[in-house]
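Please find one structure pasted underneath; my questions will follow.
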Amino acid sequence: MKGKRIRSLGLMLSCIVAAFSIGGCGDSKNDGKVEVEIVQYKPEAANYFTMVEEAFNASHDNIHLTIHSPNDAMAILKTRFIREDYPDIIGIGGDINYSYFVDAEILADISGYTGLSNIKQAYLDIGESLELVPTDGTYAAPYMANAAGVLYNREMFAEHGWEIPKTWDELMELCEEIQSEGILPFYFGFKDTWTCLAPWNSMAVDLSPADTAKQVNRGETTFTKEYREVSEKYIKLLDYGPDDPFAFAYNDACTAFARGESAMYPIGSYAAPQILSVNPDLDIDSFVMPANDSADGNTLNSGIDLQFCVTAECENPEAAYEVLDFLYKDENIQQYIDAQNAIPCKEGDFTLSPILDGMHEYIESGNMTDYQDHYYPSEMAVDAQLQTFLIEKDVDAFLSKFDKDWQRYNRDIIRLVQEYETSGAQ
Amino acid sequence: MKNERKRTFLLITIPILALFVCFNTIPLIRGVIYSFTNFKGFGSYDWVGLRNYMDLFTDVRVGKSYLFTFKLAIVTTIVVNVISLILAMALNSKIRAKSFFRGAYFLPNVLGALVVGYIFNYLFTYIIPAFMDMIGLEAFSSSILSNQNTAWIAIVVVCAWQSIAMNTIIYISGLQTVPEDVYEAGGLDGATGWKKFRYLTFPLIIPFFGINMVLSVKNFLMVFDQIMALTKGGPAQSTESISYLIYNNGMSGGQFGFQSANAVVFFIVIVLVSVTQMKISSGKEEQL
Amino acid sequence: MIKKKSNWPVMAFLICGLMTIAFPLYMTIVIALKQPTEMTNSIQGILSLPKSWSLANFREAMRVTDFWHSLGNSLLITVVTVVLSIVVHSLLGYAVGRNKAKSKFYSFVYLFVVSGMFVPFAILMMPLAKQTAELGLGNWFGVVLLYVVFYMPMNVLLYSGYLVNIPIALEEAARVDGASTWTTYWKIIFPVMKPMHATVAILTALAVWNDVMTPLVIMAGSNQNTLPLAQLNFQSQFGTNYNLAFASYLLALIPILLFYIVCQKQILNGVVNGAVK
């Protein structure tokens, strides 16, 4: 009697399991079309990608495109990789995750893709240099870039007749002047550690070699040497910010800047939508962070914000290229730029957001340098180390810890680089 | 008869245990295997032997996270259990609008981390400093979240605020098992207040006190959500909990192998702590 | 029955405590009703009532999260998990709780299962993602199965703790009448544990309802959203729409709150008292 019941319960449970495990695989709606799936990591651009998906499917009979724009896409991508369930195309940033993916041979060589010839060389070069060790082939098609520098309140600047600074000294004078008029020069949101990286990156490109991290990996220099000036100058900025910058988060800083509580905000162009959501009438412009003592030494801090990579497992690269062609259509790129204040990686005559006015000449001339933090492993938490440094203000301690931790967190990469160097020398 | 009983218990235990082994023990063993590699979470990896474990014991950041986590867990467990026990007794006594109060006190547990994070950030950053300013305590007029010596207090407050509800529910269900006649008997002996609690109520709910202690210590040792919502490990890396490191560096970062080793050690540590706790509380049970 | 004296001190205490909940809740509601342009960093600004009373945020939040669909998924996962948990965990809690004092095997099973509670999820995540995919369980049912395993330690701890207070004499009476252990369990022990079922139900439901990680990892790419997954749409690194997010959190709070109110009545109606007498 009871044995029967237990057995029937067991049977029932296994039936349920079976029923649902079968139900899980039923989503192949293949009607002769080639399926192309994209997972891209910028959820803020989800609306744009839904639009692209619909437009593409409406105009193509042979290919069916699906684009996912999940939040926390990196976690999703990594778990899908471990399940060996690869999307055809992934849209990720040009940062160290990309370097790891190339190293892990997850991505396909797309040097055969004709669309690459329309992409600005500066961005293709950035993509190449992100490879841990030089690897034959091209693994990414850069799509959009962003830029970091200083956002400023254009109306406030015009009202007081303030000039855009071109050198470090001019910036310091400007800050003094703004402060003397009783206005706060900068706002910071250093409670969110990642915002500590924004001024850091945009100053470091002016003062340190673009490939500092790679030079260190090859054992040619140290961060203590290359980052001293940046660190010393960074502390000076604090004098012109709020009293306790570590109390405010990114969101607080955006709101404060939007409400006119400060004249400038050293952050990337990506902050504009959040700022404008609080105050849609604010007139924002930006300028390149003038950290160098000479105007010629300054360069725009710009890196690849979104690039498309075809995975090695993609069965039909031709179909993937056709999707990329569609994404690279001028009118689609223009739509993306308008919605996200982004900078296109494609050559062509696009209308940039007025927020980027002050950076225009740098973009035009290609005077751009990638973010230093795209080479930092995230687990080293350079952002948190910077926050600690800004609280303690101890340059020597910060730099020596930086060098020490770098060796520890990059052990495997350094070994890889040095193996490559010695094998190359032989 | 005896055999029938034994067999039924085994028939119940074995399949459930199998399910547990399949989705807990086996993945755990796989995780332990990763802890001997330099796996990044994807791609190929090399065996590194005990390197991860050696690193673990020399890593200052990991050491700091253990200190912080234990400090937080101990303080929060005490705070939470004292308050929830008082609250449970209040909510279990004969009062008006009992359902309303019980519902209301449950609310903090349901609010998502984003809401809790935003509101408490606002409270600590703007409202409390302004309030302190107003009443003239200027020493306290800066945000406790921006100071590395005080940020942990904010996390204690939010953890307590959120988890008191759950502990209270467990205490209430424990108080339900205390039969009325115990009190009646106690009333005849003239036991009141503290004495009544100490000698009548408390001994009867010791199993629930034990459960709550174990659950609280475990929950607060594994604290993660509140850290993400409030400080993300800052300021100056002063509030990095062990789970925060394991998740952030292992999953989001490329340190999966190393953080697996961290997780293995952490698992052993919590098991030891909890087994000790259970031994103590079951010892108490027998003693009374 | 002893007539209680005035409970005013208790009431006063409870009402004071309520302030710590009412204030954050007030902020949540006010923010959920405001527009992004009304957000400021000043205290009067944030505490003031919204300029216009409109449920537009709620409508928009429902649209963005595909509310009914996500709610359906969340409800399905939560309900199935809770039902399975009550059945499976109470059985194991019973087997273990009744035997662990005398039997080495059951005391081992108890410690083995309970120690599962302390396994950091991060270490299980990757292997589980792989394993569920291999078993064809990368869907909502896989998530449910994992929950049943994840909450087994805590619930077994709770059930076996509760059993200590249920006298074995209750079962013996039934056994004398010739009922099997299995029948005795369902007829006598299971109903007696009703307050604990309610406690387990509410704790499990709450944990499941708010969980993001498990569905994120296990159902990744399946196009099915639970409410917390859908709510992730409101935050990204460079911008968070708090107004919509708060509206959506308030909406998500209602079902679980109702469930709690139902359950806590059950916790109240302790059956044990009556049964023991």
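First chain written, first letter: the chains are A, B and C, and each begins at residue 1.
As a convention for this text, contacts are C-beta pairs under 8 Å (C-beta built on N, C-alpha and C of every residue); 3 or more make two chains touch, one makes a residue touch a chain.
What you see is a predicted model, and the numbers here were worked out from it, not measured in a lab.
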| item | value |
| --- | --- |
| Category of the chain touch graph - line, ring, star, complete, other | complete |
| Chain pair showing more contacts of the two, A-C and B-C | B-C |
| Mean-CA-position distance for chain C and chain A (Å) | 37 |
| Chain centre separation in whole Å, for chain C relative to chain B (CA means) | 15 |
| Multi-partner residues of chain A (at least 2 other chains) | 2, 6, 75, 78, 82, 252 |
| In chain B, residues with contacts to at least two other chains | 8, 12, 41, 251 |
| Per-residue multi-chain contacts in chain C, two or more chains | 41, 125-126, 130, 145, 180-182, 235, 240, 242 |
| Chain C-facing residues of chain A, complex | 1-2, 5-6, 16-17, 20-25, 27, 39, 42-44, 46, 68, 70-72, 75-76, 78-80, 82-83, 85, 87, 194, 251-252, 254-256, 259, 261, 270-271, 273-274, 277-280 |
| Partner chain B, residues of chain A touching it in the complex | 2-3, 6, 10, 74-75, 78, 81-82, 96, 100-101, 103-106, 191-193, 243-244, 246-249, 252, 377-379, 381, 384-385, 387-388, 391-392, 408-409, 412 |
| Residues of chain B touching chain A in the complex | 8, 11-12, 15, 38, 40-44, 55, 121, 125, 142-143, 145-148, 231-237, 240, 248-249, 251-255 |
| Residues of chain C that touch chain A when the two form their complex | 36-37, 39-41, 125-126, 129-130, 133, 135-142, 145, 180-183, 216-217, 220-223, 232-233, 235-242 |
| Complex contacts: residues of chain B adjacent to chain C | 1, 4-5, 8-9, 12-13, 16-17, 19-20, 22-28, 30-32, 34, 41, 86-87, 90-91, 93-96, 99, 101-116, 118-120, 122-123, 126-127, 130, 161, 166, 169-170, 172-173, 176-177, 179-181, 183-184, 187, 204, 207-208, 210-211, 214-215, 218, 222, 242-243, 246-247, 250-251, 256, 259-260, 263-264, 266-267, 270-271, 274-275, 278, 285 |
